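Pasting the structures here.
One chain, chain A, appears in both complexes that follow, with chain B as partner in the first and chain C in the second.
On to the complex of A and B.
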């Protein structure tokens, strides 16, 4: 593999692969992982590719079909251009037109964004992962093909990218090599948002060409809208899960708690990421214990979509985003609740509270609140009693990007942890300056082909380094149990996968979980030992 | 003849800036996409907090701190705080360039004031009355420091763009030419003023002619060249990316710091309700084109076409 730096024009070249990730190029990890050797990112055999293109970097989380004829190639390019035109029109893209135009027009190419991007840094500064690389390709295409003087001034303005099917296919894949964490946007002195441009590219492919990762679209929003949840949980299966969780609460705590659902006119409708039901039911149980012990009048919903706060539309498609969030709004209205509280799920927070702010209109404009604000009130005002000694082990807090950088919810979760965990360790940096877990924008649920390799070694590498650095050498060496509090379902999934890949439970005793589990573990009214120090 | 070029360049610059403002100001209400810290969040902006941190936030009055927002804007405009914090290498050149530009704009304003004063019989010189002397010396300070700092900054930025191999991939010829043009204009201007118009009196006379639409008195050749180049620069800046000062206002106020919550019956809600009537033209299988947004987004389940 040549070490010649990748140029923007290379995107259009008919080459087998634009970039290959080599383990030796990846930056080293901190103690005690200095000698850690990553296995090479696995190659996808031709038989598994099934006519799909992987010519960007050999990694596959998006199925881009390779056109069979010249006619099909031309059609793909034409559709891309037609979608690009729509992205720039008010009627088709009022949702993000102003932020998109502003970010397209005003980059001064100072590359400040690159230094803020954990994927670019931890890939060993691979040019194709630089935030500016993908944005500038789009800019140059727009300049050359959609501006009246574009072709004439192409050489002078740098708009000399050839738009062929290779460009289109690679740009599609490139839009799924960014977690939309928006750390680059935060660093940009102009305010240009490469994360938004990436999302707009994803949107173009989904809304015009029907190309989106199966986990987000077919198995994501489409499944959620038709069967109730992207996890596949049906309302009938949900009843069984409630029953199981009630029994589990009794087994763990000796308490008999009935999980309320579809209770009309409750004060709170609690919306959970349905991934919790299957992977971390203790999170749902902990919420139930806290709310019941605090005497809150609350409910869950068993209606289709109402028991899954997930909204993958946020990551790739405005229509799907609006469809899902409107379902949530209608369910809340139908139940007549006073407010909706979002559980530990970062992107659901953003979809329902921030983005939803301009979709939950008129009659469905029902107040929405973060669970961290609700829980902070209960803990700081001692509506539930905590014995911090029960949580006397080192704890660090992961900040989900959607909750912190995109919504400014920073202190409530910290105030809780500081009150209930005597050995709290902040990561560096944290809060609004945090690093993404590496599973953002839907990556955490993408488990197929060789994408997980990329997710562990590249996009999650910075976070894993941060987790190790959060604790002292003595704490690492002593092999005392340490807890990574990740109050977001997708981040939790990614951190679980990172700890598994790096064997961190066995090597350094790092366990992960949510915030409410820590709260219940410290509650004086609950039998000791809610947290089970077992990795799963 | 050169006076017509100056009028023309001023007209083009004005139209280009107005067009840019018009482009952004006429875009519709969009979905929220703010980025924290938001400086007007009272008591919270230091750590990047928002009103979403509060219990029942919608029932409480919003606590905003416009002074802090103005302070943040001033630091961003005059100190280039964001560049300093995140890219010190660029700041070393970008800071003198921007400060030089501000001083140069101040210089042009002072020339204008001086021309008005002279037109009204108030002399502007080192031996004039108080006002005339203040304007005279202020023009000297703003003029020379502005031109020199802009020149140093532009040259530094040019060196940075050309010497950094990672940077070069993204530079277009226009990026170099912009900076070279600045340095050429500044070099000619400095030569012109050091040699034939050190007190800026001739150029003040030219500004007076511009203001009064009167005939330009004979000016030396080097100054003619200076005026032609400045006129071309005034016309060129708003046409390219160097006019990002216009967009930066919108990038910060309409997007990054726009955390205005939508309330029932609000202006935001009314404009969103209108936008929901727009017909959607997307062609993917799960979208039925030519239906209004409001209908399309209420479809779920079996009504969806999927691939």
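On to the complex of A and C.
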């Protein structure tokens, strides 16, 4: 592999691979991981990839079939171009046309976005991961192939990208090397949103070429709409899970709590990410304890899709996004609830509260609220009582990108945590300038092939460094238990995987969890010891 | 989809991570062979206790049980389950028990 920087034009080249990540290229980690040696990103043998293209960087989280005949190659390019045309028209892009067009038009190539991007930085500044690399290829294709004189003037206007099947296949893979964290958009002086451009490329591939990661589509939204949840939890399984959680609450706290389902006209319908039911039941239990102790009139839904707030369509496909959002809205309406509260799931916040605005209309214009706002009211107005001494250990807070940067919900969770955790400290930077966990846009649930290697070593590297830096050397050395509060299911999955890969529970005693667990751990009306300090 | 071959000539379809595609094709001989791909050289009584619980739960509810329930019902701590199945209950455990790969934000 030559070290010549990859150029935009290379995207069309008939070469085996555009870029290879070498362990030596990755920036070092802070204390005590300065000498940490990453294992090389594993290679996927031909026998395993079976006709799928991985010519971008040898990493695979998307099945892009290599076209076999000239006809198939031409068809792939034609479908891409017709899809691109659709992205640029009002009648075919009702969701994000305006910010998409502005983002295409307004870039001044200052590369501020690159400096803001943790993937670019922590890959050792690989050209292909510059936010601008992806966007500029798209801009040049539009200029050359979709403007009347584009092909004639291409050489002079810099629109010199050849649109062949290699370009199309690599662009698809490139759209899955960005977590859609939008830190670049926050930094851009022109307001260009490279995250949105990436997301619209994904949409084109899903809606027009049928190319999307199985975890998001087949095992994601399709499964959610047919079985009720992307986890495969059916209504029958749901009842078994909740029976267990009620018993578990009794075991942990001595309290008997009945978790309400399908209560008509409740004040609050609480929507959880169903992944929590299987991996982090303590989060669901903590919500139930808080709401019951505060005397809230609340309910969960046992209807298909109503018990899973996820909407992976947000990451890749408008049609699936709308289908899932509609279901959520219908269920809330049918129950007659006064408002919907979103649990600790970042992308569900954005899908249901912000993007869903254009679907939750007229008869279903039901108020929707972040659980952080609900909880802030309960704690600051002392509807539940906390003894902060019970949380007297070092705590830092991870900001889920969809909740903070994308929605501006910054203070409620801080007001809570500052009141209940005497040793709270911020990460640097935080709030709207936070770094993504590295598992954003569905990456955290992509566990196949060699993608986890990339997710731990490249996209999650900045966050892991930030987690270490949040604590003092003394705290790291003393092996006191330290808590990373990550109030989002997807972020929790990624942080769990990061801490596992870097062996950080055994090595430096870093544990992770949500916000409500800290609240219940501090509640004076609850038996001490809700937090168990066991890695899971 | 790739195939997993065992016992001189028998084969089952698996996904890219080696999870069998048709859970009804599962049998004990296959489980023993799948275990070897997950760093489990011998299926002891304790291994079977975990695998059987995972499998029975899956047959009843169509999903893998929550990890906490698995621990409570089998009496093993999560650490002990990792000692039995080094790649963890969701990966190694489920694969050996013939469950599909877990999906969603788990």
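The rule we apply is simple: the second predicted complex is superposed on the first by the 536 of 536 C-alpha atoms of A that agree within 3 Å, B and C clash if a C-alpha of one lies under 4 Å from a C-alpha of the other, contacts with A are read in each partner's own complex, and residues count from 1 in each chain.
Simple rule for what comes next: contacts are C-beta pairs under 8 Å (C-beta built on N, C-alpha and C of every residue); 3 or more make two chains touch, one makes a residue touch a chain.
Only a predicted model underlies this, so the values are computations on that prediction, with no experimental measurement involved.
Trainee: By the touch definition at the top of the document, which applies to A:155: first (chain B), second (chain C), both, or neither?
Mentor: first
Trainee: Check whether A:490 is in contact with chain B, with chain C, with both or with neither, and answer first, second, both or neither.
Mentor: Touch status of A:490: second partner only.
Trainee: Examine A:319 and indicate which partner it touches, taking first as chain B and second as chain C; both and neither are also allowed.
Mentor: first
Trainee: When the two structures are overlaid on chain A, which partner does A:229 contact: first (chain B), second (chain C), both, or neither?
Mentor: second
Trainee: Now for A:469: first (chain B), second (chain C), both, or neither, which partner does it touch?
Mentor: Neither partner.
Trainee: Looking at A:449, would you say it contacts chain B, chain C, both, or neither? Reply first, second, both or neither.
Mentor: second
Trainee: Could you tell me if A:164 is touching chain B, chain C, both of them or neither one (first, second, both, neither)?
Mentor: neither
Trainee: Comparing chain C with chain B, which touches more residues belonging to chain A?
Mentor: The partner making contact with more of chain A's residues is B.
Trainee: Show me the residue ranges of chain A that touch chain B in the complex, using the header's touch definition.
Mentor: Answer in residue numbers: 5, 7-8, 79, 82-83, 86, 89-92, 94-99, 101-103, 105-112, 114-116, 127, 132, 136, 155-159, 182, 185-193, 196, 206-210, 217-218, 222, 225-226, 304-305, 318-320, 322-323, 326-327, 339, 353-355, 357-359, 361-362, 365, 367, 369-370, 372-374, 376-377, 404-412, 431-433.
Trainee: Within the complex, which stretch of chain B touches chain A?
Mentor: The touching residues are 23-24, 27-38, 41, 44, 47-59, 76, 80, 82-83, 86-87, 90, 94, 165-167, 169-175, 177, 241, 244, 247-248, 250-252, 254-256, 259, 261-264, 268-269, 272-273, 275-276, 278-287, 293, 296-302, 304, 306-307.
Trainee: What part of chain A is in contact with chain C in the complex they form?
Mentor: Counting only chain A, the residues touching chain C are 47-48, 50, 215, 219-220, 223, 227, 229-234, 236-237, 240-241, 244, 248, 273-279, 281, 308, 310, 345, 444-445, 447-449, 489-490, 493, 534-536.
Trainee: Taking the touch rule as given, give the residues of chain C at its contact with chain A in the complex, in rising order.
Mentor: 2, 15-17, 61-69, 77-78, 91, 101-106
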